[in-house]
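So, here's a batch of structures to check.
After this come two complexes, each holding chain A, first together with chain B and then together with chain C.
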Partner chain A sequence: MSLKVKNLKVYYQTLRGDVKALDGATFTIEDGEIMGLAGESGCGKSTLSNSLILLKPPMRFVEGRVELDNEELPIWDMEKMNHFRFKKISTIPQYAMNAMNPIRKIGKMVSEILKSKKVDYKSTLPELKRRLDLVELSHDVLNMYPIELSGGMKQRMVMVLSTLMNPSLLMADEITSALDVSTQKAVAKMLVEFRNRELVKKLMVITHDISILYQIADSIMIMYAGKLAEKAPTSVIINSPRHPYTKLLISSLPDIGVKYSQRKLTGIPGKPPLLLDPPTGCRFRERCPVAFQKCLNEEPPFMEIKKGHFIACWKEFEKNA
Partner chain B sequence: MLELDKISKVYKTGTFGGKKLLAVNKVSFEVKDGEVISLIGESGSGKSTIGKMILGLISITSGTIRLNGVDIATLKGGALKNYYRNVQGIFQDPFSSYNPVFKADRIFRIIREEFFPEIKIDEWNKKIDSSLRAVGLNPNEVLNKFPHQLSGGQLQRFLIARALLLDVQFLVADEIISMLDASTRIDVLNLLAELKSRGLSILFITHDLSLGYYISERAMILYRGGVVEMGSTEQVYYHPLHPYTKMLIASVPRLDKKWEEVEGKLKAKHSELSTGCVYYERCLFADKDKDCAKRPPLIEAESGHFVACSHYMEVNKGV
Partner chain C sequence: MKQYFTRKLFIYLLTFFIAVTIDWLIPRFMPGNPVQVLLARASLHAEAAKEMYSYYTKAFGLDLPLWKQYLNFWIAIFHGDLGTSILLFPQPVIKIIIRAVPYDIFLLLPSILLSWFAGNKFGAFAARTKWLDNTVLPIGYILTATPYMWLAILLGWVLAMVFPIFPLAYASSPAMKLSFSWIFIGDYLWHWILPFSSLFLVMFGGWAIGMRNMIIYELEADYSHYLEALGAPRKLVRRYAFRNAILPQVTGLALQLGIIMAGALVTEVVFSYPGIGYLILGAIQNQDFFLIQGCFLFIIIEVLIANFLIDVLYIIIDPRIRIGMGGKSA
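Up next is the complex of A and B:
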């Protein structure tokens, strides 16, 4: 059982034409896998996760096929997707801290959500309480309003809610970025715990903080300007990345023990191309230190060069050939 | 040199302001010329409150802040304006620091109108050019644009360039890189480090410990409004003495090491003006010791390394 995404293209409709935010993504997440998705802002990582659960205008489905556990997901159809949302595929949104209804007590809100999905609240309550214990929230939160909870607590409450129906796929979009390190660690570990207890089968964790992914993810996928750049097991991405963008990205991360006076880190010069009318060839070529003639004209495919290691780079294909 | 002497801030909370919340509790430190100090703490630890008090954006409940010996609370009119010539702040969200209706370079024009009306336009434009180049921007690319046409990193650098135009001595940098992408983050950090070598002092407020380590000489760890540990960055990062600092350092996601099973308790409820050690509820070592019922003072454990824990010796036994 797995999530299979094949050549998925999702564009944003604007008055000046289509913004090609997600331009052909092909990848697989197996059961039990936590896949990290990283990249700069605007690279299409949130577009990818949003399109799998709620593809609404101005997003436009162009082409592609998504299969979850051998069943095709009709992601272009708002109505038909209702059958999958929450039960089979669920998300912890980027705005999890503001995701709850401020004028309902949390317990009441949960019961309303369950009712809309035709699930009985009373019979779910014992399980709900077990889940609250799991994320170290007191049962009293069900009688509280969201405003009474701290940011980290709200995050955890939404985590419990999103996973209540044991979805097959859970997507967590930047859920740790607004938290401080100690809470961040706790929340990240809870995601792993959810997977270990098989409350969710597979996870897609979206963040721009690669060091978090190193701690919890099994594999990491790097996106650049609407395209997939590299996907490999976590240790491979961190220790021996092949794509020039991944290399630059990893080397620009400050780590404890690195000081300006001793070792000056450098950023990646330049900025990503506009996706309204993206250039031909490789989209990273303008910032790439090893780009050559072929990158200008032809777009590199996303190919498996070693088992489980996919990249899209002509230079590396040459080396590999 | 900027000195903070036992400054405290009490916020009134609750529906009618009946409850009190001690956001900053008798914090004292000094920032020397050309020094970068990082102020590290979780949300609600009072780190931004300290920054805002230095910038005079909120009142100080008790204590004094002195710039080169002058108490800033007494400054008024022209003297206060002069203070802002020397001390400026940059904040987390570059997008909301601008008025979206006007072009982004309006901030430079305002500076001239307010502070340097005597300088001629041509000369001022040259100054703008040189300070934009100093922050690594190409004036032709960024001038005459609206905020939405510029990236977060560019806007953040604009704000730094603005501070440069004023010839500031002291910069309060409140979480200025947490909104930026990993690839541009480091450029802004490098820029700050460069400015430091020109003699600018920086109070670098962050919750990201690795960023703090990268550019600062001294680090201060705040917890619930009080300094729990203070020292040179090497001392604080490699030999943390306070249980809270230890937990923080262990929680930093790193690229060379996986998280160890050093577990702290999750955030405890905010208690009101209690008298004991602020970290008591979450501390793994606090159980039996009676001293924890009193607020521990900052003790100098080794030269220049202070810790606010009454039994740090015990905590660090065998380390």
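Up next is the complex of A and C:
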């Protein structure tokens, strides 16, 4: 069983035309896999995760096919998707700390959500309490209002709620970005724990913090300007990336033991292209140190060059050939 | 909780004190003299008029120094004595007011509450219906921008003069005697509809627009998006949004009360409706210090009580305030 995404294109409608935020994504997440999704701001990470669960205007479904456990997801249909949301596919949103209705007691809110999904609250309650134990929340939170919880507690509560129905796919969008480093690690460990206990079958963890992914992800997918750049097992991405963008991205991370007063920390010069009217060819070519004529005219496909290692780069294809 | 109410009580008392002081000052800033108005009605000899003038000035206590008048005014208030009316001499002001108050209450309470409920419901409904949003809400904008009395005049002109369906003035037919018969109640309601509608419509427009905007805002809030992401049905999302959107509307109600009162005054004047507003007009025209004071005192008390009730209501409907207070006093 797996999540299969084929050539998914989702654009944002604006007055000046379509912003091609997700322009043809093809990838697979197998059961038991934690896939990290990384890339700089605006590269389409959140668009990808949002489009899988809540695709609504100004987002526009253009084309593509999404299959979850051999069943096609009607992601373009807000109503039909309700059947899959929460039970099959769920999310821990970027705004987890504001995700709960401020004027409902948390337990009451959970019961109302469950009731609306035709799930019995009473019989779910023991499991809910076990989950609270798992994330080290007191059972009292069910009798509290969201304002009575700290930010971290709210986030854990949302984690519990989002995963309560044992969804097949869970997406965690930037859930560590507002936390301090030690809490980040705790939250990351919980995600792994959820997977290990098979409360969720597969995870997509979206972040721009690659060090978090290094700790928890089985594979990492790198996006650039609405396109997939590279997907490979975590160790491969970290130790021997092939795509020039991934290489630059990894090398711009600080190393332990290096004094940056002596060697300046480098970034990637240049800016990503505007997605309103993206250039032809490879979207990274303007910042790419190894770009050549072919990159200007033709768009590199996202191809498997080794088992489990996908990239989209003409130069690497040449080397491989 | 206790701390909260003590503080509120203090603020209300202070407001009451300042408002009543202003209430006492205002008639005394008016040019003219109430006793002269009273005497002008009885065309007396110059000689007798002089005599009567000094008699009445003494009787009303207007010969005393101002600070003493002010002090006496407060003492009298605590004895439930609001003085004697000059307009309707020699009736005591308190009696006149008590006679007028029921008309006010039966006009104001339904129009405020019904417009608030209906406006909020309609606004929430319009926010999710495109054609309503595009057609009826502009009308709401016009309504809420309409001065109360202008709409009252318009309604009176159209529905009582051009098409004489409803009576134009008074709370009941002059031939009717006040009683608890169905005929009287029917007659009363018949007279009540126009002043009620003019108040109701203006307020309705305001609440509907406020609610529509709040709902649209709340539906874009994070908790709404999360509910959608969990596949909660539209009904639940709307319900949560409505409950959150209603809170600022309650605050709005508290803020609007004073304005609504003022609107009711002029509406009563337009329809010669025998409530407090109509009394005030007569009292001002006749320089009736005591009736003016009495009417304003009543309005002050009315607004303060209504505000207090809304304060309490807020604690009930917004857990954040309740919890916040619990944390403080604990």
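We take it that the second predicted complex is superposed on the first by the 319 of 321 C-alpha atoms of A that agree within 3 Å, B and C clash if a C-alpha of one lies under 4 Å from a C-alpha of the other, contacts with A are read in each partner's own complex, and residues count from 1 in each chain.
What we mean here is this: a residue touches a chain if its C-beta (ideal position, glycine included) is under 8 Å from a C-beta of that chain, and two chains touch if they have at least 3 such contacts.
For clarity, every value in this text was computed on a predicted model and none was experimentally measured.
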### Task
Could you look at A:Tyr214 and tell me whether it touches chain B, chain C, both or neither (first, second, both, neither)?
first
### Query
Looking at chain A, does chain C or chain B touch more of its residues?
B
### Message
According to the stated criteria, A:Leu15 is in contact with first (chain B), second (chain C), both, or neither; which is it?
### Response
neither
### Message
On the A-aligned overlay, A:Ser41 touches which partner chain: chain B = first, chain C = second, or both, or neither?
### Response
first
### Query
Given the touch rule stated above, what does A:Met81 touch, chain B (first), chain C (second), both, or neither?
second
### Message
One more residue to check, A:Lys259. First (chain B), second (chain C), both or neither?
### Response
first
### Message
On the A-aligned overlay, A:Pro93 touches which partner chain: chain B = first, chain C = second, or both, or neither?
### Response
second
### Query
Touching A:Thr183 in the superposition: chain B (first), chain C (second), both, neither?
first
### Query
Looking at chain A, which of its residues have contacts with both chain B and chain C?
none
#### Entry: Complex contact set, residues of chain B against chain A
41-44, 151-152, 181-187, 189-190, 193, 207-211, 213-215, 233, 237, 247-249, 251-256, 258-259, 264, 266-267
### Residues of chain A defined as touching chain B within the complex
40-41, 136, 150-152, 179-186, 188-189, 208-212, 214-215, 238, 248-250, 252-261, 264-268, 271
### chain C contact footprint on chain A (complex, rising order)
53-54, 56, 81-87, 90-91, 93, 95, 98-105, 112-113, 116-117, 145, 147-148, 158, 161-162
### chain A contact footprint on chain C (complex, rising order)
221-223, 225-233, 235-236, 240, 243-244, 247, 317-320, 323-324
